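In what comes next, chain A is part of two complexes: it sits with chain B in the first one and with chain C in the second one.
For the complex of A and B:
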């Protein structure tokens, strides 16, 4: 298999396989959760919790209160930079938009390549600092397990290989591009079965926490 | 309660897992922010007190019982099922070093309600027989005697007589059709009978009918703290029966944090039905009186620089946040807030039953440092709160740290400022 064949393979069968695993995996994981149900609330509530649940899903995107920020500023700042960088480079890079249009049927304007380039560098830098923090901050050193490092690696590789492919660094472009796509496919396959699934489940987590608190009259 | 066994503990953990818990375990990315929100970590710097770590047994049960991947891991020998020793070991994390304050649930970026899960793990550890002796004893007294501190009706009756003699007011007992049923905590009966005097004075001031029940005067619920639902239900049902028998409109939860949680929020769920009466915290009732213009103050304001300590179960986990502030403004001129207050307040370190755990005493004294620093930063001359347990814990903390600061209950402070009618 030469570079071109490899590129065609990752773009074709491998992509379809990864998409299938992602969809089936997410379906399985969500069904596993949904079957657990939720206990009924009999206490006289102060609000039905729906608005509060939605509010928490959105409000936890915002920076926390000053007291919380001061104690966890590093993880918050680096976390923002990584997540924002990841999503901007994923959704607003012109070649990605073309690909997404083929899959989703809709498109949107992108950002200029030099801007994406800077954002990617910032995001990669944030990820490296997050990894170093995981080694040096005692709480994270204590908590971290294999899955944490695996998740970090799987999120890092698409950004890193994308950057290398864009700049034509190290490997021939078709091979680097193929590896970039493959790294995304590995991410898609593994996502439902690791904590990377938080990409989707955070909505239920924030919702349930926010709704329960709102029923008691507290905005969390 | 049947005999405690590991099988029962495991079953309790399994039964308590719901969709939200599954989403919390799926979503946790080990960011560590919950540690920085927990006073047991911030005051010890020991990572083992990180809230999400405290939930490891529950995570194991969820993964191995409710996920295909988890079952596969066990089948392939890649994961070990939960053991009794783990539950015994986790007693320290679930009871001694967690006051159920819920501050961790406020900061989690993915939105995990960690304390909701801690409460569930208590069900498992208690059913497996590893709950702290102090809490087991308190719960046994609550069931057999009627109060976690072993108080019977005659003890309250004696205090009632004292209050009646001191105030010249009548404390109504078992009055059917009264608007309010007033509950008390053992701590108030023994240490702060002035609360009862304050309630009597306020009720006379506003012209409302109220009563105390000889059958259900104890508001606290050790069943909730230890995590045994059938006991918690039995304790709640005593209040429900009395309230329905006396046909009161509203049950007033006293100045006690977890009592409010127990009767107001968990009570109806434990009973599996809606209540025929309302449950309100005393501060909610007082604030309603204020709002209706029924509280006529004497115009003499507290001039001391003072602050308010939010009991976690009343504020963050109970939703009574604005009411105490409204009431303080009514009687105090120099009220200042701690940097973290209201729903972000720091716990006193003794909530969630921790104050009843002897072996947790040293740790709780250590973590009181957080509250001590908060108060010292503010340079206040007086502290107001609305929980007898917080009050005792803070007083003990002051003693341990050789700090002097008067503490007063808010109900009592409001009563002191009412004009005599």
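For the complex of A and C:
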């Protein structure tokens, strides 16, 4: 198999397979969650919970209480840099927008490549420092299991291979591009079955918690 | 028997000046990434070397490669050096035909056994030998017969290098590339549909001078010409960087000369020198003419996902796969959810109520 065939394979059958597993996994997990149901509420609800749901979705973007940021500022800042960087480089890089237009049918303007480049470097740096931090603190290290390292690796590889492909480092561009796409496909396959599913569930989880909390208590 | 002319003698007999000859040597050295200090050696070798015997075999091809090499309006440096080889057999260019032509081939093979260069354009059909024959012989038989006494093989054009258009799905003739059949001879691939003329002449010059083929990449292409991709040397690259793309072939972006990535340009995955040397005496090249690169110097370029589909777009079929997966996921999810509910209900039924009396017991 030469690199053209490999690239065609990752753009074709491998992508179809990864998409199928992603869709199957997400459908399965969401239905599972739906079937779990919610606990019966015996008291009269205070409100419909919509405002509370929206409030929690937004408020949890910030550290919960004073002091938390001072104690864990590094994890919060590096975590934000990585997440935002991943989000921006995924959604605002022109070649990705073309791909998303094909899949989702909608399009939006992108950012210039050098900007994406800098954001990717910052993201990669943030991820590496977060990993070092995880190893450095005994408690964090103790709490980390295989799934944590797997999640880190699967999130790191698309950014890293994308950066290498863009700059033509190590391997010919078509081969590195194929590896980049493959790394995303592995992420797509694993995502629904690990904690990486938070990509899709974090808003639902925040909403549910916020809405239920808002429904409790005495109506004033 | 007349004395075999050296390249230098041959050039002088055609009225080529020393200055023009040295210009060619300098250009060739620079193209092949040969150090400037070796230019005199290159010139000396070309001057004193007897004209290299070349046998050119054409199989399943369109003659575009030969056209590219010869159809220059005025004799240029490439064609001059091309004239200095002893082209002993070439269907399109030779005057002889029929038995006389085949005799020229066998005589050249005998006279230069072990020394001649074999140039091939076109792919070789294996499904049925009758698909392409020369003087009653199948392409495969001719190739194997001629390659036996060749010193090296140059596969010119994408058909010879990688199978090209004849090999495109569903490959009705069972076409294969030269390198699929020949494994015991040095091979250099000069792909392109057609390939750039000066690449062919430079490879021959390199071979004549140093006695070896130039440094090759993983696909056996000369690195000095195929070491960089079109995208990296494209004059429209700054527009890619700035995110300025033509959305159609006649929109404002196309008129402004913006990047053709969204229109399916394969420049990023295509290794060739078109953006540097260009075509028709360096007048233009496809991207400059307003059309994306087709990736013609890459293997299987014809089947590489559609000429007008952007490179980052997956091949069609994902939506169908996703639809089936959604149905499958829903079925498994419903069954799994119901089983979970049943489990929950069973657990509830078996739940023992703890009374205050139980807690008092020690």
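What we mean here is this: the second predicted complex is superposed on the first by the 207 of 220 C-alpha atoms of A that agree within 3 Å, B and C clash if a C-alpha of one lies under 4 Å from a C-alpha of the other, contacts with A are read in each partner's own complex, and residues count from 1 in each chain.
What we mean here is this: a residue touches a chain if its C-beta (ideal position, glycine included) is under 8 Å from a C-beta of that chain, and two chains touch if they have at least 3 such contacts.
Treat the numbers as computed from the prediction; the structure is a model and nothing was measured.
Applying the document's definition of touch, where does A:197 land relative to chain B and chain C: first, second, both, or neither?
first
Using the superposition on chain A described above, determine whether A:71 touches chain B (first), chain C (second), both, or neither.
first
Compare chain B and chain C by how many residues of chain A each one touches, and report the one with more.
Per-residue touch count on chain A favours B.
Tell me which partner A:36 touches in the superposition: chain B (first), chain C (second), both or neither.
Touch partners of A:36: chain B and chain C.
Looking at A:142 after the superposition, I want to know if it touches chain B, chain C, both of them or none. Which is it: first, second, both, neither?
Only chain B is touched by A:142; chain C is not.
Is A:28 in contact with chain B, with chain C, with both, or with neither (first, second, both, neither)?
both
Do any residues of chain A touch both chain B and chain C, and if so, which are they?
The overlap between the chain B and chain C interfaces on chain A comprises residues 28-29, 32, 34-37.
If we count contacts the way the header does, which residues on chain B are in touch with chain A in the complex?
Where chain B meets chain A, its residues are 17-24, 26-33, 35-37, 41-42, 45, 47-48, 50, 52-53, 66-69, 105-113, 116, 264-269, 271-275, 278-279, 315-321, 339-340, 343-344.
Please give the residue numbers of chain C that touch chain A in the complex, ascending.
Chain C reaches chain A through residues 217-219, 229, 231-232, 240-243, 245, 261-262, 268-269, 271, 298-301, 303-305, 310-315, 317-318, 320-322, 324-326, 328-330, 332-334, 336-338, 340-341.
Which stretch or stretches of chain A touch chain B in the complex?
28-29, 32-44, 46, 56-57, 60, 64-65, 67-68, 71-72, 75-76, 79, 137-145, 148, 151, 193, 195, 197-198, 201-202, 204-210, 212-213, 216-220
Can you tell me which positions in chain A touch chain C when the two form their complex?
Residues 2-5, 7-8, 11-12, 15-17, 19-32, 34-37, 94-96, 98-99, 102-103, 109-114, 168, 172-174, 177 of chain A touch chain C in their complex.
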